[in-house]
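Chain IDs A, B and C follow the sequence of writing; residue 1 opens each chain.
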């Protein structure tokens, strides 16, 4: 079940990457690279940091095929009426939620401390989108917008706490997915964001310039 | 022979990185960093993903020396009449072809599936140039221009197929190099490119904005 | 002692990342990501390339806590009068010096060749700042400004030479730190920089365009 949700997350994130490629007028190869980077980038960095060899998509290339198929579908579908923004946002939130839990679980398999496991969950969820934005020449959206990573962090914390204190394995998984989804969709619906850090002392502290 | 072609590829890619640094008015250190990143970046990412320790240039630092020498030569030569664009493009195509085959071979040594071996060949050939462009503050050229990665993919496929079905080892190597070269130089000569993905539904699908 | 200097370096580099985030109006999560990336990015890439598992901050999460605390202090302190630019530059130079020596030492523990150890020291010192600038959408400062990486390289060379020929362990450490500090602060004080590479043959050598 989680495996299929994980593949669904790959599919959705690959669409997100393909759409970004379309906005930048990349060619066919560029669309596939952005699809792969968005869908697999977070998990790849996680596995590298954990020393989790082989990397998940090297061990099981179906992840690659799903991302490429998503890219091709996005290109073909670009002549049809668009999906509504809402559908895409809900799909993206599901991807974020599943990636968070999958990443946290994978990290716990390497007996790291809880804070590391939570970080790995967040990285699985958000680093792909950061690579997508950097390849597209933009400051990663995730660093300047509404509740996104925060939802992922909360999901990871809930997962770790319920696993540790209540020993509920399957239930923890779905509870954490639910928490991320609820926070993310709630933030979209009520347009809630984190405070922005405006540094008021502009020039004074440019220590590196 | 392949070893020398590989070092030639490093040399050529390092020149490409140095020229990009020159266009951005980087300092001496910046030129060397872009030379190293362009020449060694693809193989480094490949080795990290394969878990191929030690990384090729840690095991054999001659790769570093060749890249640094190429950077210094580029700087010194900037006062002389330029090489023609054609000479540089042919050299770059040779680098792409050799890197593709070397990367695919290296991956096969780790008993990965064919699709992974092909990806590792392409990454060896193109990721260095992508890092170069991102360090220079640009959207990677490779994502929006004529046949480049596609030539690399075709070379990798031919290599895998001929190795697998015909068991010709040395011949496969040269055949694959020839395929990449022919496709890349043909694309330059006839100015062929991949179709560009123009998404027509601009605002409607910006699911992350 | 070196351990505390190392944590001090993490603290200072995290402030540098937080200030960059403030200039780009990132949100709270963005500030923490830039703080972590600047403070831990160089050592992370170093450990990945060396195959040094577990990564230093996975083994000892105090590095994460120090970086996050530095980010929070930077945000809170943004309402107070700023530290002078000079204080920040000296702190940054200490961070560079300590990271260089720590990185070189860590590499020597993996029995790599001297040139690799020096590279690892430089990467520990400068790659975090490069990631910070790329995340903030800028060409890395390090590639186009005054003596910075050069100070780090000289410190690494001095460390390797004195360890190898004079077998002075603790003394080498402090000598190398002093060399980096002296060169870096001297470069700031007298405004010395590396020559910039202006390529005069603009269009002629754009082999990739």
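The rule is simple: contacts are C-beta pairs under 8 Å (C-beta built on N, C-alpha and C of every residue); 3 or more make two chains touch, one makes a residue touch a chain.
Here the structure is a predicted model, which means the values were calculated and not measured.
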| item | value |
| --- | --- |
| Equivalent-chain rotation between chain C and chain A, CA atoms, steps of 5 degrees | 120 |
| Type of chain B:chain C copy interface by residue overlap (half), same or different | different |
| Chain B-chain C separation of Cα centroids, rounded to whole Å | 28 |
| Set of chain A residues in contact with two or more other chains | 48, 134, 137, 145 |
| Of all residues in chain B, those that touch chain C in their complex | 16, 18-19, 21-31, 33-34, 44, 48, 53-55, 58, 61, 64, 75, 78-79, 82-85, 88-89, 92, 129, 134-137, 141, 145 |
| Residue numbers on chain C that touch chain B, as the complex places them | 48-51, 112-113, 115-116, 119, 130, 134, 137-140, 142-145, 148-150, 193-202, 204-209 |
